[in-house]
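Take a look at the structure below.
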Amino acid sequence: MAITDTAKAAAANPRATLQDWLPKLVLAPSFALILLFVYGFILFTLALSFTGSKLLPDFSTWVGFNNYVRLFNHPNWIVALKNLAIFSILYIFICSVLGLGLAILLDQKIRGEGVIRPIYLYPMALSFIVTGVAWKWFLDPGIGLENVMHQWGWESFSFRWIKEGKMAIYTIVIAAIWQSSGFVMAMFLAGLRGVDNEVIKAAQIDGASTVTIYRRIIIPLMRPVFLSAFVVLAHLAIKSYDLVVAMTDGGPGTATWTPALFMQKFTFGRNEMGMGASSAIIMMIMIFSIIVPYLYSELGGGKKQ
Amino acid sequence: MLRKLLIGTMLSGAMTAGFAAPSFADEVEVLHWWTSGGEAAALDVLKKKLESQGVTWKDMPVAGGGGEAAMTALRARVTAGDPPTAVQALGFDITDWAKQGVVGDLTDIATKEGWDNVIPAALQQFSKYDGKWIAAPVNVHSTNWIWINKKALDAAGGKAPESWDELVVVLDKMKANGISPIGHGGQAWQDATIFDAVVLSLGTDFYKQSMIDLDPAALNSDKMVEAFDRMSKLREYVDADFSGRDWNLASAMVIEGKAGMQFMGDWAKGEFLKAGQKPGTDFVCIRFPGTQGAVTFNSDQFMMFKVGDAEKKAQDLMASDIESPEFQSAFNVVKGSAPARTDVPDTAFDDCGKKAIADLAEADKGGKLFGSMAHGHANPAAVKNAMYDVITRHFNGDLNSKDAAAALADAVAAAKG
Amino acid sequence: MSVPSQDNAARTGLFARAIIYSALILFAVYYLLPLYVMLVNSLKPLDEIRQGNMLALPNQWTFEPWRSAWSTAQIGVSPTGLKPYFLNSIMMVVPAVALSTVLGAQNGYVLTKWRFKGDNIVFGLMLLACFIPFQIVLIPSARILGLLGLAGTIPGLILIHMVYGLGFTTLFFRNYYEAFPTELIRAAQIDGASFFQIFRRILLPSSGPIIVVTVIWQFTNIWNDFLFGSSFSSVDSIPITVALNNLVNSSTGVKEYNVHFAGAILAALPTLIVYIVSGRYFVRGLMAGAVKG
């Protein structure tokens, strides 16, 4: 409020007027770039999804909702939606639980935390172009874990999910959790370190056990972290593309197709740009329907300050 | 202002960028996905030759997805109005790009050098559009090959199968001998490569009707059900871990004797040669039983984009060098394929290579040279991939043969519409 | 820094601590396994990989795959290894990270300390930019780069990476500055400090932790990008991920897995180093604001 008062008082002064406009001028270039490069392009894609574009954008053939009709009649898209549901529920749930669990364990004055933390975090630093190959190997019964167990004498050991249409999507969940749960752990660790000491001391004086303190006091305080983690994970889940390509490329059969894979393959592999655009729009709708309510509550909270 | 720009962008997105960025003379920028040792080294021969003629080679390799990543990059380059000089491309992709009006014209050099007489008509179908030469074919891969481990074959009777029934007998014997009869990788394109050969073995007319003409009556026919039945039969001879395996690992199984044979295009030969194996003594190359005399092919071509007058000279020179018999021979000996022109001497090739060249000439004469569906030379990408979906689902046991034939016809119809 | 759970830690028994350590070590193994597989197999000759146990140490140690990946492996037509592409990536990543961080910091500053009507809507719109799938912006971005004459250049790549990083950097700085006491700003303003002076002298000096978070996040994302790198680069600007992909994903040729793994680790070294060196500040930075609700 002081700022606005000062600005009003100095309105006659041209330098102060500039000062008044300066914040908006500083923000403007970023905002303009985003309007064009994000919202402009979304509109472009929306328009594209109503055309019969094949190899390149072609706005001379309007087909109405035909692409959307074909999309929801396409067996691969249905598979992709089912996989997205399985993948995102498991991935988000396990990453959050694992992240919180590891953060709590790591928060117990652990010796060697400085060594363990980067070990948990580093998968986020690597590109899936090649860690995907390592995972593919590891999960392959012929050369991976199963083979190693057999060589070590455990002959009956069997782990061949990646070869089985019904189970393959779960191997992708395993690799995806590997990649991002460390990052979620770091977010929770930061949250735990930010909890007010006094609250806990008071509870301890009241004789509450460690478990109770975590369950009743600390974990509920992590609510904002859960929300942040959810947003980060949800967007990673919906965009999940490179790990699927690296590990199964949609196989066995079409069992591990995801919406992102569908969009990429139709737009660039199958020369069906119009249909690819329609799948992208559905994906955007899914993303926004998750993010917008979050933002609404987030920004509503921000105003109070 | 911003809105104007926005709308302008959306509208101009519709245009096709048929102009070239200003560039220097005597250089070619080449977008391709030949990045592995052998084939890249083979391409280096072309680069060196051009350099000796004063043309700079600007290399732009983008590997991945059998050219899919390169085609994605190409879209961005063309949209930005900055297309490369020459782009490696396959089959119907060339035609699709030609329809956008962005490709160049090689007709002058082609006429001068008489390409029409030496390049098989089946290849010209892709190298030409609207009567004009737009691409320079580098090679012809044929895909209806079987690569057999000689020892495993000897243990299974020693006679290479010449009919479907004989093939099944050999496979059974191999199974009884305790090896995995077929080395195969469960990726959609590999499944489709076998499917190509199986359909072709049921008759060249049937292949043409179903795979090339996309006749719905042929796609959903008893014969197609039989083709799928044969696929199911072959599936019985594939080991349990096949899903997702790279083709070269399947080749390695055959080389090591863990598997008896592999159905794969002739790029597989490189794997055998690299492992120190000799055609005839360590491994045997035969056509898929029932497809003798016919060839399904795919051909790598360099598609040329519109360039300025200054660059045109270098582009023509590159095309001319690609079609020179010396390069055709040198490159294809390494790549495992046959030359794209029929008048190249086969002296430098090994026995399998000589057979490939002879088979190709025979099939070309007899009108039995067909584009491979699995490799994008029978129908456009949308249809090809729609077929992939059905073939791979059936091969993985999600569909029975009868439903698969019906699904194939439906998927093709949907992809065409 | 106060650690609230210190008191809890003191009360947990020896047995409980043993379990905690076992669990932590078990998970460390899970996270390290793929890296271990890559490392061990990058030190084996190809024959040994084909026949052997993927977890076993090499019988015959060789550094040849590393040498090959670095300087002699076939990336395109010429056997150059990954070496020449490192510089391209660095020339792209450093300015892109710097620009998006500076802009993000200023945006965060404006959005928290110079609030105006509709600022939350502006922020919300910018934040949504984080969630757009990159495949759909490819073609229109290419068109814009073409119009600007930046197609196939490093400045073009910098621009694209900067734009699509702005959402995240603005989010990080906004949440961080939100907690920064506004009284200090007011006081400085009454003393006659200008908009930029306040930013430079008051906010920036205390922004260390959040700068670390932003830089790590941006550096990792831009360094690892493949889609933009392959589509918007040309001969002189090919980034390392595209080169690595060419090494690994060749379609019809012998797959030299040992060279692939060596190359993958080489290409990831800069990000790994950034994570390990600044990992400590990373958590501190997250704590200081990025995850605040």
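Think of it as A, B and C in the order they're written, each chain with its own count starting at 1.
Criterion: contacts are C-beta pairs under 8 Å (C-beta built on N, C-alpha and C of every residue); 3 or more make two chains touch, one makes a residue touch a chain.
Because the structure is a prediction, the values reported are computed rather than measured.
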| item | value |
| --- | --- |
| Most remote chain, CA-based centroid, reference being chain C | B |
| Interface with more contacting C-beta pairs, comparing A-B to A-C | A-C |
| Chain centre separation (chain A, chain B; CA means) in Å | 37 |
| Inter-chain centre distance, chain A versus chain C - centres from mean C-alpha coordinates, in Å | 15 |
| Chain C residues counted as touching two or more neighbouring chains | 139-141, 144, 245, 248-249 |
| Residues of chain A touching at least two other chains | 35-36, 40, 44, 56-57, 268 |
| Residues within chain B bordering two or more other chains | 9-10, 13, 65, 72, 75, 79 |
| Sites on chain B touched by chain A in the complex | 2, 5-6, 9-11, 13-14, 16, 65, 68, 71-72, 75, 78-79, 93, 96-97, 99-100, 186-188, 240-245, 380-382, 385-386, 389, 392-393, 395-398, 414-415, 417 |
| In the complex, chain C residues that touch chain A | 1-9, 11-12, 17, 20-21, 23-24, 27-28, 30-35, 37-38, 53-55, 103, 106-107, 109-111, 113-114, 116, 120, 122-133, 135-137, 139-141, 144, 163-164, 166-167, 170, 178, 185-186, 189-190, 194-196, 220, 223-224, 226, 241, 244-245, 248-249, 257, 260-261, 263-264, 267-268, 271-272, 274-276, 279-280, 282-288, 290-293 |
| In the complex with chain B, residue positions of chain A that touch it | 32, 35-36, 40, 43-44, 47, 54-60, 70, 73-76, 136, 140-142, 160, 162-165, 168, 245, 247-255, 265, 268-272 |
| Interface residues, chain B side, partner chain C - complex | 9-10, 12-13, 17, 21, 29-30, 32-41, 43-44, 47, 57-67, 69, 72-73, 75-77, 79-82, 246, 248-249, 252, 256, 267, 270-271, 274 |
| Footprint of chain C on chain A - complex, ascending | 2-3, 6, 19, 22-24, 26-27, 29-31, 33-42, 44-45, 56-57, 102, 105-110, 114, 116-127, 129-131, 133-135, 137-138, 143-144, 147-148, 151, 178, 182, 186-187, 189-197, 200-201, 204, 210, 213, 223-225, 227-229, 235, 238-239, 241-242, 260, 263-264, 267-268, 273, 276-277, 280, 283-284, 287-288, 291-292, 295, 298-299, 301-303, 305 |
